[in-house]
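In the two assemblies presented below, chain A is common to both, partnered first by chain B and then by chain C.
After this line comes the complex of A and B, so read on.
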């Protein structure tokens, strides 16, 4: 099967700045793909390379097998939900949604009917006559979504689509986006710096660092088996263990990661430390232990005894929960 | 202690300042109705409407009025085209010397009119260009462009840069984006800029004196008229016309650009 989006050794340099540097990437059709990374890591530039607002310095970008490296944005069959929504302020909601059809020359009655269908899809029936300024943030987001979907793109790009929404709305929109993607069977590519969002929504994700992909895989791969210290640090609340500590715990002298859920408290063990913080999380309590220079978090399930702050405790874990990583 | 209500002293000072600025304008209006034609005597010995009829019938008023309208109209159209293009280029492109170029575009409005006038006059002299309507238009266009440019640049800055990209993303080519997205959003700013440019050109004196040669625009005609002690109130009648011709566009421009952080005017 032809992948929806393919990067072959793509770089985008701005003068001396290597915004994207030698990225290889394959996005399978129908997947919900997240590009995760801190700001300046190259994820947004990658998205703009797909939409066509950036041209690769070197390398090739293929959308459904077709090399689009030199194709301008308006001729690509991908559409974008922009970070600030970028709705046209002078048009009402219906005309905003119908814009893509209007520039293609579709008649007024037909495109308005299509726009209403799209508005129904994003649960905004009856909002057609309003101006964007009269809508709430969540509603604008839906209009942006409807507007991008009206052209029936084969790939939908979402640039930090939920960044401007408050927490509750964001969680509701996450579920809705996921449901929408499922219903339409489209390829969604979305950029985010929020690891929880990426892990919970995507079926595949790429973690970006300094213009390169640090790791690519399913959320479970990335969470359970971070390839590098950067990924472990950025993605999770995983404990990152320096080589000495790994060895003390019975492993080789390498960097390793250990998930708090897999970490238990014990009476005795090779590594012990002082409890320095407790955080009640409902389903359990997060206990932070300082062992030498390293802080290790353990999740104590509800109902089990929690040591008070300042006491000394040892840690224990399943051997196969210790995950060894590369050093960069 | 800070209070929401201004103190009495502040109120009086503010009102006094406003009166000082605007009372003379009322006197201009008042003297258009006086019965005394040689001196501006206060209070006017009597009030009459006859000067409006006299002004209407004076043949020497019409050519300067036509010239002023013509110059203002041409300079405004020129400024709207060039100012918009310059603003579009400056807000889209990033190139070496961009800031310096932007300063050069704005410079004519900061430059004293005498300097602009003198340099244009000597340039026309060197190039053997005879004085004509077009030399006046050129002189006025120098600052009219700035007005339109400033308004357009301010509006473009306020526009979310994303909407042009959104338009392209949705399949619009450059022309469609200009027609359906840029122009509707820029429209009122351009109109406001054009109105201000028209108003500024219509009452411009300094640059005009250097670039007009023997022609007189309406403001120059008024200046000449004031030194002649004959039918003085006619000048005041014309002043009312000038006031209306410049104040209305400025008022409209103000309402068009209201609610934004943009500078509609900038004193010239």
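After this line comes the complex of A and C, so read on.
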């Protein structure tokens, strides 16, 4: 099957800044693909390379097998939900949604009917006559979604679409987006800096760091088996253990990651340290222990005793929870 | 040392700030009262006086102003020679406004979207610099540029494009012995003089259009032309209207440029100047002065009805 989006050694340099640097990427059709990374890691530039707002300095981008190097944005069959929604303030919601059909020359009656269908899809029936300024943030986000879907794109690009919403609304929208993607069977490419969002929504994700892809895989791959220290640090709240500590814990002298929920507190053990911070999380308590130079977090489930700050404790862990990784 | 919840007020500034905090309307009132008085009494008052004068008439034999209400003076505006002046002025103002809008748009667009740092400074300097020199000096300079012996004719004959100028000068309504005595010369000078007043509001309006909105338009399949018509222009329209109010009303009221450059045919400003001066016909001068106000009101009403201010 032809991949929906393919990057072959793509770079985008802005003067001396290598925003995207030698990225190879394959996005399977029908997948919910997340690009995750801190700000400035190149994820948004990658999205803009797909939509055509950036041109690669080197390398090739293919959408459904077709090289789009010479294709301007308005001829690409992909649509974008912008981070600031970019709704046209002088048009009402219906005309905003119908815009893509209007510029293609569809008649008023037909395009308005289509716009109403799209508004129904995002549960905004009856909002057609309002101006964007009269909507809440969540409603604007839905209008932006409807507007991007009206052209029936083959790939939908979402640039941090939930970033401006409050937590509760964000969680609700995450579920809705996921359901919508299932229903439409479209390829969604989603840019986010929120690891929880990426892990919970995507079926595949790429973790970006300094213009390169640090790791690409399923959420389970990335969370359980981070390839690099950066991924372990950024994606999980994983503990990153230096080689000497890994060896003290019974492994080879390599960098390793250890998830807090696989880490337990014990009376005695090869590594012990001082409790320096406690954070109550409801379902448990996160205990941070300083062992030498390294801080190790352990998740103590609710109901179990939590050592007070300043006391010394040893740590233990499930042997197979220790994951070895590369050095960068 | 005891720590109190309330710090002592030291001096007048502390107490004043406190008073303003307790009565938020007070500061506002103090700030806007002087300009409001100026605007209300001096500005609108004189406008009302003008309006009043236009309803008086002049005794044709004695030349004395008769202070009784009549529409006779307004009826005089519709006499052929006066109507001519009004039509000539409005056509000129409309042409100047249109030309300014067309010339200003690319400049304003560049300044708003692409110019950064020193280029932006250079833009402001370039637009404002002509405003620093005397209006009269600029107009006379243009008279020399446009004159038969001027640099423009010289350059045209040197490059073999003299036929262009000659061609313009034979167009009915634009005749003249040189550009400096043709209504086309008047038009050129008007466009030059008022251009900055179009560029600046346009640039301010375009600067408020986020780049993502233009990208969204392209993303949804719009060509550059469609984006311009359906997104950029409607969003920049308040700025264009603001600029056109300047260029239109300034042209409507100007009486110096048509005196110096052109064929000395009269414009509203010139008519007002002559009527209140040598002719001593204050009521007709006032009636003439009301014409631009009425035209601007009609223009703004039409602009509002066309949705020009929807994006505000």
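The rule we apply is simple: the second predicted complex is superposed on the first by the 328 of 328 C-alpha atoms of A that agree within 3 Å, B and C clash if a C-alpha of one lies under 4 Å from a C-alpha of the other, contacts with A are read in each partner's own complex, and residues count from 1 in each chain.
Operating definition for what follows: a residue touches a chain if its C-beta (ideal position, glycine included) is under 8 Å from a C-beta of that chain, and two chains touch if they have at least 3 such contacts.
Fair warning: this is a prediction, and the values are worked out from it, not measured in the lab.
On the superposed chain A, the two partners chain B and chain C do not both fit; they clash.
Legend: residue contacts after superposition of the two complexes on their common chain; A:151 is shown touching both chain B and chain C. With both structures placed on the common chain, the touch criterion links A:103 to chain B and to chain C. By the touch criterion defined above, A:74 reaches both chain B and chain C.
Put simply, chain A uses residues 51, 53, 72-75, 79-80, 82-84, 86-90, 99-100, 102-104, 147-148, 151 to touch chain B in one complex and chain C in the other. Those residues of chain A lying in contact with chain B across their complex are 51, 53, 72-75, 79-80, 82-90, 99-100, 102-104, 147-148, 151.
Contact residues of chain A toward chain C in the complex are 51-53, 72-75, 78-80, 82-84, 86-90, 99-100, 102-104, 147-148, 151. Here chain C touches chain A in the complex through residues 210, 212-213, 215-223, 226, 230-231, 234-235, 307, 310-311, going by the rule given at the top.
Remark: chain B residues 160, 162-163, 165-173, 176, 180-181, 184-185 touch chain A in the complex.
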